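Here the structure is laid out as C-alpha cells; the discussion comes afterwards.
When the chains are written out, they are named A, B and C in that same order, and each has its own residue count from 1.
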Amino acid sequence: MNPTNLESVIRDRNIGDVGKEMYELISTLYPICRSITGKGVRDSLHIIQSHVPLEIREVRTGTQVFDWTVPQEWNINDAYIKDSSGEKIVDFKQSTLHVVGYSAPVKAKMRLGELRKYLHTLPEHPDWIPYRTSYYTESWGFCIRERQLRAMKDDLYEVCIDTSLTNGSLSFGELLIPGKEANEVLISAHICHPSLCNDNLSGVAIATLLAKLLTRLSLRYSYRFIFIPATIGAIAWLAANERTASKVKHGLVLACAGDSGQSTYKKSRRNDAEIDRAVSHALKDSGAPYRVIDFSPFGYDERQFCSPGFNLPVGCLMRTPHAEFSEYHTSADNLDFVHPESLADTFWKIVSAFFILEHNKRYLNRKPQGEPQLGRRGIYRAVADQTDGGGRERALLWVLNQSDGSKSLLDIADQSGMEFGAIKRAADVLLDCELLKEVPTSAERSA
Amino acid sequence: MNPTNLESVIRDRNIGDVGKEMYELISTLYPICRSITGKGVRDSLHIIQSHVPLEIREVRTGTQVFDWTVPQEWNINDAYIKDSSGEKIVDFKQSTLHVVGYSAPVKAKMRLGELRKYLHTLPEHPDWIPYRTSYYTESWGFCIRERQLRAMKDDLYEVCIDTSLTNGSLSFGELLIPGKEANEVLISAHICHPSLCNDNLSGVAIATLLAKLLTRLSLRYSYRFIFIPATIGAIAWLAANERTASKVKHGLVLACAGDSGQSTYKKSRRNDAEIDRAVSHALKDSGAPYRVIDFSPFGYDERQFCSPGFNLPVGCLMRTPHAEFSEYHTSADNLDFVHPESLADTFWKIVSAFFILEHNKRYLNRKPQGEPQLGRRGIYRAVADQTDGGGRERALLWVLNQSDGSKSLLDIADQSGMEFGAIKRAADVLLDCELLKEVPTSAERSA
Amino acid sequence: MNPTNLESVIRDRNIGDVGKEMYELISTLYPICRSITGKGVRDSLHIIQSHVPLEIREVRTGTQVFDWTVPQEWNINDAYIKDSSGEKIVDFKQSTLHVVGYSAPVKAKMRLGELRKYLHTLPEHPDWIPYRTSYYTESWGFCIRERQLRAMKDDLYEVCIDTSLTNGSLSFGELLIPGKEANEVLISAHICHPSLCNDNLSGVAIATLLAKLLTRLSLRYSYRFIFIPATIGAIAWLAANERTASKVKHGLVLACAGDSGQSTYKKSRRNDAEIDRAVSHALKDSGAPYRVIDFSPFGYDERQFCSPGFNLPVGCLMRTPHAEFSEYHTSADNLDFVHPESLADTFWKIVSAFFILEHNKRYLNRKPQGEPQLGRRGIYRAVADQTDGGGRERALLWVLNQSDGSKSLLDIADQSGMEFGAIKRAADVLLDCELLKEVPTSAERSA
C-alpha cells in the first residue's frame, strides 16, 4: 500500500501501527538526559534521523538571538550523593531527573543541614522525583523523593555533580517537506526535557511520525518540522528565520499529547486563524469529547511564535494541559503515563486537521441562479420521498448554496454542521460535473 | 367595516372568520390531483381566482429555465390495480396519492412478485399511504397502505395507469398588489402537491386570504403573490423575472402552516435581513412559543430564492417543519391534520410581520438635546410617583432617545424589548407633536 | 498621611472612615425640604461647601434651556391639616414628604370627601408616607400614611399650605478639579429630593467625599462634580455647557448608592464606552456580586446626558435600582435604609474605576520578537518548577504579549481575566526595565 495523499491515508488508515511505533520511539528516547544544549539533545536528534531525514543545526554559544544569548553547552557524565558509608543514596544513573538541569559541577562534602538547601522534593507526592532546571542562573542541586529525604540521617555526605559548561552550541533538528506552495505549515516540538514522556517525548514522537508520513505524500503546503529546546531554541530559530516565519500560514506546537485525557487545543493569539478553526473542526468531527481554550502567553513555544513581533498563526495541541495533571514535571510522567492509543488518537486528529488545511479552498457555483438540476447528472435521488435525501445530497446542496466565492469549504462545514470530509467529497463531485470552479488563492493569482 | 390599513386590521380584527374561510378553501382544493404540471394545478388556480384576481401564466414545455427544461405536461384520468377476480383493490379515485406523481402510462398484467417492485408503502405506519413522485426520471408506481400490501395474495393483477405526458405547459398563478413603493414583498406557496393539507394547501390558503386582505388596503410596499409548482416553478418564475427579483426587498415562503405545532421561522440565507427580524419580532410579540431556525438549503422554494445568484431576503414561515412530523408526505396529512385556529394564527402573525415592514422607518428626534418637555404637550403624567409611567411613556422615551436617524422602529422595539405596535404608536404621537421627523429611505431620496 | 495618587489611596485606604463621614453628611442633609428650586437646595449646597469648594450657580426663572423653561422658585414655610378640634393631624414639620412637592399655596376648609382628592397614600404600605411632586402642573396635595387616612372621620378640616412660587432662580453646585488633561470625568448627583436617603442623599454624599479626596491628588483627568436638581437641572447645565460637555470623556450619575443591595451599574447609551468597561471591571475585581445592566432612557440624569444630541459616555452606578425596592420614594427611604458600610463600598468601587480610567493607557513592547529575557532583569524566577510562576509573572507575560500598541491595559486585564491592578503593576515593572513604552493618546499627540 502506498498512499499518495491525505485523503487516502484517512480513508484506509493503512500505514501501520503508528501508536506502537511512536511508543517505541518514546521508549528509546526516554533514558537520555536532555537539556537545552549538549549531547543529550544531539543523541536524540540522531535517533529521529533514523526515521526521517532531519537536518541538525548548531547555533554557537554566545550568539545573540533577539534579547537572548545562546548559553554554554552543558554536558553531564555522572552525579550522585554518597553517605558516609560510601553508599550512593542518590544516583543520576537511576534517573536523569535526580540532577537539577544545567547544574554547575560540584565536588564537596557536607552535612545534611547544608546539603538540604540543594535538595528538591515533592512533599505532596513523596514517591515522585521532581524535575527542576536552572538555566540562566548558575546553581546546582539534586531532585529526590520526599520519602528519601525523610529517611536521610544527619551524616556527612559526599556530593558529586560531574558536569561541564563550555563554549559549544545549541542543537536543533529541522526538516522541510516541500509542497506545491511555498506557504508553510510549521510543526514544533520541544526536545529539551530529560526522562519525561508526556512532556514532551509525546510531541517529539508524534511530530516524527507525521513527518515520516508526509514525506511520502503529494502536498499542497510545505511542512516544516522543528525539534527545538524550549524557549531559547524557539527564539534562536525565529532569529535565524525571520523570512521563513513570514511564510508560515499555519502552525502547531505539540506537547503533552500522549496521556489518556481528552484532546485540548489552545488557540493562537489571533484567536480565529485558519489553524484554529481547522483543528477545532477536526476535533469536533472526531466525535470524542474535546476542549478548545483561548490563547494565553504561558505554556510552550507558542509563547514565542505568538509574540507580538511575529504573531504567527500557531496553536498548541495537547491532551491534558500541563497545569492540570499532577504528574507534570515529575518522575511520574513516565512510560506508564503515555499510551500508544492516545498517541495514535492525537496523530490522527492532526492528520484530519492537515487534511482540512490542504483542501480548504473557495469555490464558485457555476450555475448560481436557482439550483442546478442534479438529477439529470445522476447525483440526486430519482424518487422524491419524505427525506432530505441523506447526507450526500445535503452536502451537495450546502456547497452549491454557499459557493459564492466568499466561503471556504471549512466555512461551509462549520455552517452546515457537517463533517469536513463530506463537504469536501461533495465539492469533488460538483467539480467533476463542472458545477463548481475553484477560486484561486491570492498566492495562486500572483503566481 | 372597511379597513384601510394594517393598523386598523390588527386593532379591530374585524375581517370575518379567516380561519374558517381558509379551512373551507383547503377542503375545496383537497380532492384535486395536482402535480408540477397539468390540469390539477390549473383547476386549483381557477378556484383561487374566485377569491382574488390571480393571473394564470403558462410556460411551454421545453422552455429552458436556467439549468432546467420545463417538462411535459402530465395529466391523469384514472389508475387502479385489479385482482384476478376483477375487483379494484387500489383505486386512484379513492386517493390521489395512490399513483406515484408523474407516472408514465401503464396497462399490464403481472403477478405479485413483479408488481411488488412498483408498490411503495410505509411499514412503520401501516395504515397510511405514502406520497411519492418521479418527475425527472420516467417511471411509474402505486403508493398503498402497508397493511394492504401484506394482505395481497400471489395473484395475477391487472395494472392500469391512464396518464398522459404531452407537450403543453407549466402553469402558475401570480398577483401583484401595487403599493406606494415599487419595492416588493414576495409571498410564495407551492401548489404542486395533491391531496396533502399541511404541505401545502395550508400555505396556498393563507397566501390567498392574505392577498384578499391586502387588495383592500393602502400599502407602502407592493405585494407579489405567486402560487407555483415547487422547484421547477420557482426556477421558471425566477428565469422569467430577473428584473422583478431585484425589486424584492422582503419575502416569505409559506408551507406547513396549518398544523397544531408552534410557529417556526426559517431565516433567509442573509440571516439578518429585515424580513428575518420582522417575522422574529412578530412571533415574539405574539406571546406564544415559537422557534427561529437558521437557513439551510433544503425545504421549500427558499432554496431557489436564496440560491447564490439571487440571494433574495426570503425566509420560510411554517408551524412544524416537514422533517419533524411523521404525517409529512403521507395520507395522514389530511383535513384532520390542519385546523382553522392554526391557520388563522399563522395568518395574523404574518399580518403583524407585514405591519412591521410597512412601518419600519427611521426617524430623527427634532429636540435631541436633553429630553423634550413632554408634560406641557400633554403626553406625560403630571404627578411623578414611584413608577416609570407605564409602557406608553417608556415607549415615548425609547423612541426619542434612539431616534438619531440610524435606528429604525424595529431596532428600537428590539432594543427596548417592547412590542413593535407600542413603539410605532409612540412614534405617531411624537410625529403629531412635531418632535420627530421621518428620515427618507434611499428609495424616497432618489425618487 | 497624605496620599498623592489613587494608587496609594487604594493600597493604604488611609483616608479616614469615609462611610461614617458620608453617613453623617446624609444625616445633616436629611431634614431639609429640597425641591427643584428654592432655599432647600441652596441650604444643602452650603452644607456641601463646608466639605469642598463648591461653586453655587443660579439660573434665573424663565431662562430657556433647550425645550424647557426654568420654572419659578418654590419655597415653603409650613403646611398642615387641622381637624375641627384644631388639632394638627398632618404637619409638614413632622416630615417634609407630607406636602406634594411644588404645591401651590392653599388656605381652605373642606370636608373629608373633598379633601380626600388631595390626599396621597400607599395602601400596600399603610405606615409609609409616599413622595409625590407636581412640578410642571400647578396643583397641591398632602401625602399621608394610609393608616391615618383610614382613621380620618368625616369632619371639617382646615388645610394650610404656606408656599410661594416666585421669580427667582434654580440653584446647582459645581466643582472642577483640574488634572493634567483638559478631558473631563463628570460626576453628577441629583439634589432635589427632600427627606429621602438612598434617593439621593447617598449619591450626594458619595460625590462630596469623592470630590474631597480628588482635590488632594495628582490626576490625569479633570474631574467635574455637579449637584443638580433632576431633569431640569441636568438640562440647564447642558444648555449652559455645550462646549464643556464635549470634553466629558467619561461620566457617572450616582443614585440609590447607599442601601444594602449589591452594586448595579447601568451602562451608557454607547454600551461599550470606556467608563462602561472600567466600572464593570472594577465591580468584577471587587469580588462581590454585582450586576451590569443595559442602558434605558429612564432612571436618573443619564437620561439627559445620554440624549441623542449629546450621547455622552455617562453611566449610572447604583446599588438596588429604584424600580426594585419598595421603599423607593417613600418615607421608608430613611436613615435606617442606608448604611455607612454600603456607602463606603460604593465609594471604593468608584475609586477603583477612576484608578482604571487614570491608568488605562496603551503600551508598545520594545522587544516584541519572542519573549524578552526577564530572568536577567531579575523579574522572573530562577528555578523553573511546575508552576506558571504565579500572578506576577503571568501579568508580565500578558502585558508583553498584548502590548502591540492596539490594546489598552484594561483590554489586557479583561482578556487575561486578571485584576487591573496586577496588570498595571506589571506595566510599571516593564516600563522600569525599558521593555515597554507608552503609546501617546491622540490628545497627547496633538498637544
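Here is the rule we go by: a residue touches a chain if its C-beta (ideal position, glycine included) is under 8 Å from a C-beta of that chain, and two chains touch if they have at least 3 such contacts.
In this text, all values refer to a predicted model and were calculated from it rather than measured experimentally.
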item: Relative orientation of copies chain A and chain C, as a Cα rotation angle in degrees, nearest 5; value: 120
item: Same-site or different-site touching of chain A by its copy chain B, using the half cut; value: different
item: Centroid spacing, where centroids are CA-atom means, of chain A and chain B in whole angstrom; value: 54
item: Shared interface positions of chain C, touching two or more other chains; value: none
item: Parts of chain B lying in touch with chain C, wherever the complex brings them together; value: 365, 367-373, 375-376, 382-386, 388, 394, 397-398, 400-404, 416
item: Residues on chain B engaged by chain A in the complex (per definition of touch); value: 65-68, 100, 130-137, 139, 141, 231, 234-235, 238-239, 269, 296-298, 303-304, 306-311, 323, 328-330
